[in-house]
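Next come two complexes, and both contain chain A; in the first it sits with chain B, in the second with chain C.
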Partner chain A sequence: MAKYKKLTLPLILILGIVLVAIFGKAISAKSATNDNRTEVVFWHEMGGPSEQALEKVVDGFNKSQIKYKVVPKYQGSYDEAIQKILQTHNTSTSPAVFQAFDISTAQMLHSGYTTPVQDFIDEDHYDVSKISSVARAFYANDGKQQAMPFNTSQPVLYYNASLLKKYGITPPPVSPSYSDITRVAKELYEKSGHKTKGMTVQVYGWFMEQALANANRQIANNNDGHTGNPTKVNIDNPDTVEFLKWIKENIKADDFIDYGSGASAGANQTAGFLSDKVGIFIQSSASIGQLSKNNKNELGITYFPHPDGKKANGVAIGGAALWISNDKPKNVQRGAFEFIKYTLKPEVQAEWQKATGYLALNKDSQKTSTLKDLYAKNPASKVPGEQLANAKANFANSGILMEGMQLARQLEEVAMETVYNGGDINSALKTADRSINENLTQLNKANGYK
Partner chain B sequence: MLKTSTTDVVSEKKAATTQRHGFRLNAKDNYYASIFLGPSLLVLGLFVFYPMLKTLYISLFLTNTLGKTTVYVGLSNYAKLISSPDFISSMGVTLFYVAAVTVLTVGLGLLLANLASQKLPGIGIFRTLYSVTMGVSVSVAAIFWLFIFNPSTGFFALLSNALNLPVVNWLTNPTSAMWAVIITTVWMNLGFTFLILLGAIQSVPNTLYEAADVEGASPRFQFFNITIPMISPTLFFVSTITIIGSFKSFGLIDLITKGGPTNATNMLVYRIYKDAFYSGNYAKSSAEAIILTIIIAFFTLLQFKFLEKKVNY
Partner chain C sequence: MELDERAVLKRVFNYMILILLAVVILAPFFIGIWTSFLPTMDIAKGNLFGTNVSLDNYVAAFTRTPILRYLANTVVIATITMFAQLLFCSMSAYAFVFLKFRFRKTFFTLLLITMMLPFEAEIIPNFATVKQMGLLDNYAALIIPFLTSAFGTFMLRQSFLQTPAELKEASDIEGLNHFQFYWHIVLPYNKISMITLGAYSFLGAWNQYLWPMLTTFSNNSRVIQNGLKQLQSEETFNDWGMIQASAAIIVIPTIIVLFIGQHYFKSGMNEGAVK
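This part shows the complex of A and B:
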């Protein structure tokens, strides 16, 4: 008897664990079978008003479906989501369809964790010609569509049209040059009696990359990675210098206000713009929704500025695409593609643009009454779409297909901050180049790329 | 009588020890030891020791896009870090931050606790006020201070405007951004430090002060020669906690500056996080994590070796 007594405690423990395992499983299984439809887990990074708009899209899809049910899950910022997606692959928590942002394209492509949407496009004979070709090209490789663009934005220049009118300042032209903006910024600062700062450019690597795209300047070799894996990056070039010189000139004239970097800087900048503390700033077209709401002033929008004496080359698209994970059964992947097709319907894209400012990707969206009403009410909201339509896609403005872009962007931002705080432009850019290239060499070595 | 009983106990113990062959565990002890220690060893092993060893392992390799170890590079990750001006500046920034936060938190905490320990009518209100930040979460504190630091609509900006002073852009200037983070952290920490120190001061026996009063010692003399020595274990505890806590500071930095501007507030912990979960460079961040572990271990040891001797228990 004493022999068995020893075993009581471990037995109780084991029994407890077994019970938890059985019932835990039963409980979770029960919740999954509440609905007979196949669950398609969808990871996204849309916060604030965009999240609400996205939930509406998902709801619309779920109502239209008897076979599939999309379950949206918010995953924080774009940056953080990438590692979550890569590290959960092949586990039960991983998503069936996920949203990954522009600069992670090379990473996702090389991971081998995704099923190219081209497979489903071919299977369904789905007509992609209605979808913006510039946006599609960004997420295609070797003529195969890897992911489907979903939320596509363009960086544009916002200005306070009411303030300019009040002080009798001529607004910037449709496609302004750096000096056009400097003129308006200086006039606004002077005529407002130094109450309103003329302009700001948030410390954000994306804006620097777009300034280079607009100047038709490639940053990485092998045509920004479009014809081969990049091995060298060159931020320290005349076009970057000109962009930073433009900012520096305005800092010296005191009509520039620096809000720093990061999400809080974006929020501070928006607050500053809405409270007449700053007149001009660059931001994604996806901010139109937020900037039109609660704005007592008239919102002015023009194209992203270009260097003086050069023609604007057009900026690359920003935003994110939807990818299908290949670690889920075929029918779940099918459900994911059905959802992607739904998101690209003309009416869905039109509603999406109206709610968020991301551009409607389906050409037929322009014919919907939703967008026609929007343009009639607020003509400026047409500008980002026109900027996109006017750009002719080439290597410089089709994004940089390179791994390690997230770190590169951080280093670009350090360079910008250095200059904003009075540092030398050339040495700041040289430092950035050195660190980016060091990281790139190491990454290529670790990945076994030539 | 008393003496005999003590000897009895000792001899009994001795007998027990000899029976057990000098504290060696017998089979029964082993069994119970494994029952009681097993679960915690399992948990610690799985969630502390295994990740630690794995971190050490990863730090000797390069990791690819998927975060998998590919090329063995030995100590080259460490060598690169130690020779990188970026990383060195990060270390300097961290040490400065830790020192400033610890000195200010403990200093101000001590000052407030000393003030609030006076027996005055209505002192309870101040005790509550001083400790109120204990109930504030990091995110609330960060948002609250971000409003204050906003260069257009923030409290400091409006104050400077009203007084016709130049507006300090707190979060974009490297020096002031560091102070912004320090101020916020100290403000956050103060409530807890204050409460602990107040408890310690109040538990100093009143008779000591009465005796000192009889001797005619000044309040200043009493503070340095009675209060401080008597609460030294608590001071030691509070400063150790603050040092370790500020080395690990993350939430406020993530929410207020994100390590910027120009890496001025890019502390080690934040750098580790960014390198791993933003850039996906697990090898580099593992090496950084190991270095941070060594630094914290070094400071903790130093503290126990030198400071602890001066503590009155």
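This part shows the complex of A and C:
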């Protein structure tokens, strides 16, 4: 008996393996039910609830199709996916269409692994004028559309409208200046008896870049990389100084709370905002779902603030775009473009905005009942879309087409952190400039760019 | 009397420190388990003392996500990895201890050198190899590179060295061949080390993140740690309650392995072979 007892554990384990092997095969067999449609493998980085929304889009496309079938596959975070896409190119596992995030645009473009969507746009005489110009401009180079924007967000400013009402504070205008926000933040801090901090700005390079875009300031030469590969970056300019001075003024007035940098800072400041510890913060428009679901306070939203005495130039978009790989046969690439066209339909975009908080890119989406109902229920949710529609694309607000943006952002964040902790603005920016430029020179040299 | 009091005080003090340390170590774990029962909005607000406790998050994790599939994938991969490492590491350790051959020391040194190189440093060549072999997005890519480990061989060799030479001599007299000696004497004698290595390699495979992240592309081959990451979105709404519940589900099997390991560990200690 004892002899058999010894065998039970291994036996159970082996049995488990065999069961799973059979069971697993059954599942994979089921997912590969044969139809004669051309398979288009689609790699994406939408996890959690947005993955479910994305799968709905894919299902809608597959139901509408007799020729193509899109197979969505999740790949991890944006950064990880880039490496996987580049490293698996030309293998059987590589995708036909993939989602790559904003700051990898230059890298994708230079890889030479993609077919510009412009080729298909020309072939089909597809009308792109309905698609937001700021979003399109981000992924265009030399007048050619390289990729099609998909999940798109812009930074906006959120405020706690219920608290402002409670203390009788006039809310900021829809396109506020720095001093408008300072006024509200200071009043909120004073009138709440120092219980609620006025504002926060997360240590996040993206926000600094957007402040510059909104001030119509280019960061990199060659028109932020849109007319040639950038060779020099200039963070140390009057507009950055003004942005940081604005934050510093609030830090000095003690109405500012610093949540630091990174993903946990984002989660912490959201928690602070929802529990009335801070009244104003800047975040991606995609956060709107998190902020309005079950929030007992009324949510206020304005455009990204702009410098005093200057007109807001509009901010660039964030998010990701859909690219078509060039290592797949022509008909698969065609299927990929058909899918891209489908994702941009007014109704699909409207549903997408409603489900995720990403902005609808098709201008006609605003006319759909889906979005009209959404705005009727929550009027503030209209603001991010208006900010996007109001911005006219120019080189300053179309993103920075430069490789090594990830590192550049980190260095920008170091500069921000230095200033938040009482460091000198000019010397922090000089240090950032020096390191970013050093890195850029090295990257350009390593890649053989002129 | 006085002495007694001092001893009691000392004991109380010792226990106080132990309790304090236990709280520090266990608190995050229990906070994690506790939040897995709370609705997401309470978690987002940082309101950890909510009263809306429910199992909704667990239901959501099982019904709305492919977490079961990820669990199954991970169990298969971790189990195969564990048995393979036990077999191959013990065999190579046996060779290094009980077989006499030329350059034995040199080979062993070479083996040890591979231990100095962290796996992360070998990722690029390993990825290229797996890609050339066409194993991407397959169980094989997650198992083959881990069939054996230098650390396992090293650990078992040290343990086998402790096996009394008398046992080898006795078995030679009995006429046992190498395989019989290995199977009937060396392995049972070093049971504790084997179980330690088994638990170690199982948990190692269970907790892998970077390598599976790079080599798997679909839900069919995705393992649990990467699945956990998949439950989080990049910029939009996150269902923290469900993510916490999934994390709790993932921890359970590892605790079971530790309990089984502990049970065997005790019985191994009690036996004792040579008196």
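As a working rule, the second predicted complex is superposed on the first by the 414 of 450 C-alpha atoms of A that agree within 3 Å, B and C clash if a C-alpha of one lies under 4 Å from a C-alpha of the other, contacts with A are read in each partner's own complex, and residues count from 1 in each chain.
Quick note on the criterion: a contact is a pair of C-beta atoms (placed from the backbone, for glycine too) under 8 Å apart; a residue touches a chain by one contact, two chains touch by 3 or more.
Since the model is a prediction, treat every value here as computed from it, not as a measurement.
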item	value
Which superposed partner A:87 touches (first chain B, second chain C, both, neither)	both
Which of chain B and chain C A:349 touches, first, second, both or neither	neither
Partner chain(s) touched by A:115 [first = chain B, second = chain C, both, neither]	neither
Chain B versus chain C as contact partner of A:284, first or second or both or neither	second
Partner chain(s) touched by A:358 [first = chain B, second = chain C, both, neither]	second
Partner chain in contact with A:203 - chain B first, chain C second, else both or neither	first
Chain B versus chain C as contact partner of A:271, first or second or both or neither	both
Chain B versus chain C as contact partner of A:407, first or second or both or neither	first
Partner chain(s) touched by A:439 [first = chain B, second = chain C, both, neither]	first
Touching both chain C and chain B, counted on chain A across the two superposed complexes	9, 80, 83, 87, 267-268, 271-272, 275
Complex contact set, residues of chain A against chain C	9, 13, 16-17, 20-21, 23-24, 27-28, 31, 43, 45-52, 73-78, 80, 83-84, 87-88, 91-93, 101, 153, 267-268, 270-272, 274-275, 284, 286-287, 289-290, 293-295, 318-319, 356-358
Contact footprint of chain A on chain C as seen in their complex	41, 44-47, 64, 69, 72-73, 75-76, 79-80, 127, 131, 134, 136-137, 213-214, 217-220, 222, 226, 229-239, 243, 260
Contacting residues of chain A [partner chain B, same complex]	6, 9-10, 79-80, 82-83, 86-87, 107, 110-111, 113, 203, 257-265, 267-268, 271-272, 275, 277-278, 403-404, 406-407, 410, 413-414, 417-418, 420-421, 423, 435, 439, 442-443, 445-448
Chain B to chain A touching residues, read off their complex	31, 35, 62-67, 70-71, 86, 146, 150-153, 169, 171-174, 177, 255-258, 260-263, 274, 276-281, 283
